[in-house]
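Both complexes below contain chain A, partnered by chain B and then by chain C.
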Partner chain A sequence: MRNLLGLFLVLAILVVIPSVDHVFAQADEPAKYIDRRVLIWNLFFKLMTVAFTVGAVVSGTLIWIVWRFRETHPQAKPTEYEKSDTWGGPA
Partner chain B sequence: MTLELQKPRPIWQIMFSTHHTDIGLLYLILSIAFLFLGGVLALIIRAELFFPGPQIIADSMTFNRIFTVHGTTLIFLFILPSASAVGNYFVPIMIRYKDMAYPKLNAIAFWMIPPGGALVWLGFADFTWYATPPYSIISAPGPAADMWIFGLKILGISSVLGAINFIVTIMKCKHPDMSMGQIPLLAWSFLVSSMIIVVAIPTFAAALLMLLTDRLGVSGFFNPAMGGDPIAYQHLFWFTFHPEVYVLVIPAIGMMYEIIPRFSRKPIFSKSSGIFAFVLLAVVSFSSWAHHMYASGMSFTEKTVFMVGTLAAVPASGMHVFNFIATMWNGRIKFLTPMMWSIGGIALFFSAGAGGVANAAMPLDFTTHDTYWVVGHFHLFVMGTIAFGTIGFIYYMFPYVTGRMYNETMGKVHFILSFIGAILVFFTQHMLGLLGMPRRIFDYPEIPSWIIGNQIASVGAMIIGVSMVIFLYNLIYSSAKGKPADIHDPFGLGGTYYYPFEAKTPHHN
Partner chain C sequence: MGHHSNWPEWLYVGVIIALMVWVGAEAWNVERLVEHVPADAEVIIVTAQQWFWSFEHEDGTKEIGTLHVEAGKAYKFEIISKDVNHSFNIHDYVVLMDAVPGRVNTVWFAPDKAGEHDIQCREYCGLLHYNMRGKLIVEEPSR
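Take a look at the complex of A and B:
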């Protein structure tokens, strides 16, 4: 477990440090020059990569559920709640 | 309630009734009427932007008037009243009480909406639905602007009265045997959104008064020429209207919580997480208002605080999406019209949320601020999530209200066209924003990518327009000549319903 935590920490640092290194440009004596336009669009593309990946997983899951658990699916069977009539309705 | 329509009564008996189902019916009819009025204005806007240069609107001020009234109508006169329609019908039944806590107050809250709407429409103001100073103080022509302010004042009071009624009804009138945890999630959604209204709306009420006195020249709260600060108005406005986003979306999610388990033939996966997510959304809704104002000269620290506050809404929204997916898992899903609208609403809710994360990241906000990206983002929320959830629920409650079934084929065609149209309009508007097209413009330069984008968006809007005509025809035709509904199980799902048709019996238990 400790190894796993350590690995996670190292990976997090590897990801976070390159993402925020441009804050050093905010020091009293700028340590580096930044091109805001490049930074902003890089951030946009990174966020879009994450958004499209997560979106694909969620949408894919949604589409699969809709296809697999439709009542006309060959393997569809009554839910356990239908048999006992204990679903829905007043709490 | 359905029996009331099957045994015709004089119209005035419904109009002057204080019973919750009659008020709900009035809210429903009024909100649908304003949906079509606001929708027509949207089509005019999209037709105007189909090509560069003036097309069908004479000048930019008329264009500004049209999109101001379009936004005001659909937010205050369609979404809020349609949610009130659902709440009035179902909340007393769900908490097993004979009516709302204050029936006369309920009627008064409803009857404040037509005059408020009339003031907005007869004035036809031009200062956007933000009424942002200093333009709204110095240049916006009266009496249109003053009528808008009075109209919004009336609509705000109506919202607060309705919210107080919902809170008291749920907290104090629920059946003694029911604990708060047993109250259905739809009723919880109305409780939470009503609490947000009570906290948020008074701030805007104060801002409207200050705006009015500024316009009259007796004060200078937001007038730079008199030492006022226009940015202060933005803070007051967004302190109300960012939470208002959740006031609009939380009942729509509550409606999906009613439909998805019903049509999946399973209970909700986790009711407690749904309640927790509602409350969490309510809390974080007040920690994110200034993300609308990153470009107004705030300090880095303030922007960071509001960025984090905004992102705090992501886990709560994710909990709802997870809850919906987990509820459908292992279910036996029946794809009737209400379920299709709900699933479409979830998909677009997720897309809108992803765009919201990009907006919340302040460096990106500078890129997208005041561009069509923002237009696409919030329309994806209000149309793709809130209107989809609400329209799905209108289909769901249709047999209870009329005693007849709507036409299923027309309902499905309505959904498919609206879904395609929404993607064409709002996803394209995101792209137009990234291509640099500013929002609220009457004309645009002949840039090929802008022209194509606007034409795609306009075609999408026309598709939605056609689908809404089908919707209207379905509602009118089916309520008169539709197949009689099996009121005990109109959708053929089995299980136990809330039996809304028992609403007029003296006891609901």
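Take a look at the complex of A and C:
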């Protein structure tokens, strides 16, 4: 639990607080004309970067799990059921 | 199951929460900037009807189909419709707002340099929707 708190603290310091700070700091600047094209494209780019990064991590993890825990993997360990060759019903 | 570490799962959850906060903060900020109409923006009333656009400037000047503005100035469009739903779009400046009968929708923009741009309807509004176009002419600043 302490480790977990530590982890969230580190993440908060690294990401959450700077993000919130960044947003509120901009609110103090005088609102001059913005370029919608630039703002919207930048936001799109950031969202896509996050989406594709998370997507790559998730699909990469899934692919690795399927590859590593397949039956024919050299280091595969059979489960209790596979060892006893009883698949739920009477032997 | 014996002892196994939950550490990677929690790390993953933490990273995802952090990313979502970051993305949410950025999106909220962009939304805020885009919706903040500058105080000195000139109001242009945009009227949509099948199947053309008409514009009325603050000084009463009216235009049909073609809108003249100046570079370097901010404009706030007050968009209304006389018949069915339309959508006012200046693609080159990422301006897009629905024109809905009985409502006044607003959107603003500030053209940065002189040029010609297309205006078009982006909500299917009947037979000639495809041809409900207009021209935005951005002129050099007058002063």
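Basically, the second predicted complex is superposed on the first by the 49 of 91 C-alpha atoms of A that agree within 3 Å, B and C clash if a C-alpha of one lies under 4 Å from a C-alpha of the other, contacts with A are read in each partner's own complex, and residues count from 1 in each chain.
The rule is simple: a residue touches a chain if its C-beta (ideal position, glycine included) is under 8 Å from a C-beta of that chain, and two chains touch if they have at least 3 such contacts.
Predicted, not measured: the structure shown is a model, and the values here were computed from it.
Could you look at A:Asn3 and tell me whether it touches chain B, chain C, both or neither (first, second, both, neither)?
The answer is second: A:Asn3 touches chain C but not chain B.
For A:Arg70 in the superposed arrangement: first (chain B), second (chain C), both or neither?
After superposition on chain A, A:Arg70 lies in contact with chain B alone.
Could you look at A:Ser59 and tell me whether it touches chain B, chain C, both or neither (first, second, both, neither)?
first
Check the residue A:Asp35 against both partner chains and state whether it touches chain B (first), chain C (second), both, or neither.
second
A:Leu43 in the overlay: touching chain B, chain C, both, or neither? Say first, second, both or neither.
Both: A:Leu43 reaches chain B and chain C.
For A:Pro78, decide between first (touching chain B), second (touching chain C), both and neither.
So A:Pro78 only meets chain B here.
Figure out whether A:Leu14 sits in contact with chain B (first) or chain C (second), or with both, or with neither.
second
Do chain B and chain C land on any of the same chain A residues, and which?
36, 39-40, 43, 47, 54.
Can you list the chain A residues touching chain B in their complex?
Checking each residue of chain A against chain B gives 36, 39-41, 43-44, 47-48, 51, 54-55, 58-59, 61-62, 65-66, 69-71, 76-79, 81-82, 85-91.
Name, in rising order, each residue of chain B that touches chain A in their complex.
Its residues touching chain A are 94, 96, 178, 181-184, 261-262, 264-267, 321, 325, 328-335, 343, 346-347, 350-351, 354, 357-358, 361, 363-364, 366-367, 494-498.
Quick check: in the complex, which residue numbers of chain C touch chain A?
7, 10-12, 14-19, 21-23, 25-30, 32-34, 36, 38, 74, 93-95, 109-110, 112
Name, in rising order, each residue of chain A that touches chain C in their complex.
Touching chain C: residues 3-4, 7-8, 11-12, 14-16, 19-20, 22-23, 26-27, 31-37, 39-40, 42-43, 46-47, 50, 54, 57 of chain A.
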